[in-house]
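Below is one structure; the comments refer to it alone.
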Amino acid sequence: MELSARNQLSGTITDVKLGTIMAEVTVDIGGQTLVSVITRGSAERLNLKAGDTVTVIIKATEIMLGKN
Amino acid sequence: MELSARNQLSGTITDVKLGTIMAEVTVDIGGQTLVSVITRGSAERLNLKAGDTVTVIIKATEIMLGKN
Amino acid sequence: MELSARNQLSGTITDVKLGTIMAEVTVDIGGQTLVSVITRGSAERLNLKAGDTVTVIIKATEIMLGKN
Amino acid sequence: MELSARNQLSGTITDVKLGTIMAEVTVDIGGQTLVSVITRGSAERLNLKAGDTVTVIIKATEIMLGKN
Amino acid sequence: MELSARNQLSGTITDVKLGTIMAEVTVDIGGQTLVSVITRGSAERLNLKAGDTVTVIIKATEIMLGKN
Amino acid sequence: MELSARNQLSGTITDVKLGTIMAEVTVDIGGQTLVSVITRGSAERLNLKAGDTVTVIIKATEIMLGKN
């Protein structure tokens, strides 16, 4: 399946932290770190764990910009 | 000002495309490309143009993951 | 690729309307209608058109509820 | 009150799971299942429980599409 | 209908700007200004115009914080 | 850093509630109350606590409108 999301970056999970409802997944993308919050249910369904190769997916409308 | 947003990546604008209401800004972050859609009003207020150094800001709850 | 997004519904595109930056895609999912706004760039990259079978993908944190 | 949100589907709650801050609400919409994550405070304020009829509300900009 | 959205502020529309797909609606809430981007279709369906009293609705997960 | 986000309101934190993954921060903006959900990690990194002056930041595409 090809996604409409404009932003798809490949990375490696470095940490998964589980709460009751949510999960926080830390992903290294070529030396930079991204943190994703998904449901615990999804983290378990995908069996996400440190070392997994994942694709980070971000809809273009969700990205803000800052300028110095 | 320090932001709550967990994800802040530094990049360089490579393209700005303006519509009536929205604007599409393409940013190179260390060799990977991200596309952000913001309002045209914001693109003009920040005077965004190719070559500008910007910070890409993404709330953790807006990041999805895909696993092969 | 398996997605973290909890909500994935199958549907059929009934209309695609293109703006300068954005595109509005109407999808029938078993008799109910959903409207998605994505970038025009994505609509063109996926070559979206009426009659296409698509998957509608929604992150759980983006769904609100109303109760009468 | 009439909402700007383009997507409003009627459904029935099948499960409510409470965390400390968030709550996960599962809704059946005509045979398909949607999962919504809202705050626990909202789930309690609306007194959401299995069997309740609810409206699922999704802003058009939050819907992604996938095509095979 | 009572909404799960935690943030509902009353305001008055001061401007509506229409694009092909999107619309930008400016709302005064007690002296402060908020800008909302919705679909043109929704702006027309609700017949939004300057002077209208509206409720601004924001999901708690969509609000970021900054601290100096 | 100047942000693309159109909506930036000044307020004072009145409550911070911590979960395992998420945190709920209540902010008073000139007599009205907003609730923000961010990660617990961000709440701790910014050392958010009642009495802090903060800026509430909301992307225009995340604001819905309701009309009576």
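By letter and in written order, the chains are A, B, C, D, E and F; residue numbering begins at 1 in each of them.
One rule holds for everything that comes next: contacts are C-beta pairs under 8 Å (C-beta built on N, C-alpha and C of every residue); 3 or more make two chains touch, one makes a residue touch a chain.
Not measured: the values here are computed from a predicted model.
Chemist: Where the contacts of chain B and chain D overlap, which chains show up?
Modeler: Chains in contact with chain B as well as chain D: A, C, E, F.
Chemist: Along the graph of touching chains, what's the shortest path length in steps from chain E to chain F?
Modeler: The fewest touching-chain steps linking chain E to chain F number 1.
Chemist: Chain A-chain D contact: same residues or different, taking over half shared as same?
Modeler: Different residues, largely: of all residue numbers at this interface, under half are found in both copies.
Chemist: Can you work out the whole-Å distance between the CA centroids of chain B and chain F?
Modeler: So the centre of chain B lies 21 Å away from the centre of chain F.
Chemist: For chain C versus chain D, what separation do you get between their C-alpha means, in angstrom?
Modeler: Measuring from centre to centre gives 17 Å for this pair.
Chemist: Which whole number of Å gives the spacing of the CA centres of chain B and chain C?
Modeler: That gives a centre separation of 22 Å.
Chemist: List, in ascending order, every residue of chain E touching at least 2 other chains.
Modeler: 1-6, 19-22, 24, 35-39, 41-42, 46, 48, 55, 57, 59-62, 64-68
Chemist: Quick one: do these chains touch in a line, a ring, a star, all-to-all (complete), or other?
Modeler: Shape = other; not a path, cycle, star or full graph.
Chemist: If two chains touch, include that pair; go through all of them.
Modeler: Chain pairs that touch: A-B, A-C, A-D, A-F, B-C, B-E, B-F, C-D, C-E, D-E, D-F, E-F.
Chemist: Which residues, counting only chain F, touch chain B once they are in their complex?
Modeler: Touch residues, chain F against chain B: 1-6, 36-39, 41-43, 45-46, 48, 55, 57, 59-61.
Chemist: Sort out for me which residues of chain E touch chain B in the complex.
Modeler: For this pair, the touching residues of chain E are 17-24, 35, 37, 61-62, 64-68.
Chemist: Show which residues of chain B lie in contact with chain A when the two form their complex.
Modeler: Result: residues 5-9, 24-25, 27, 29-32, 34-38, 42, 46, 48, 52-68 of chain B touch chain A.
Chemist: Which of the residues in chain B come into contact with chain E in the complex?
Modeler: 1-5, 19-22, 39, 41, 59, 61
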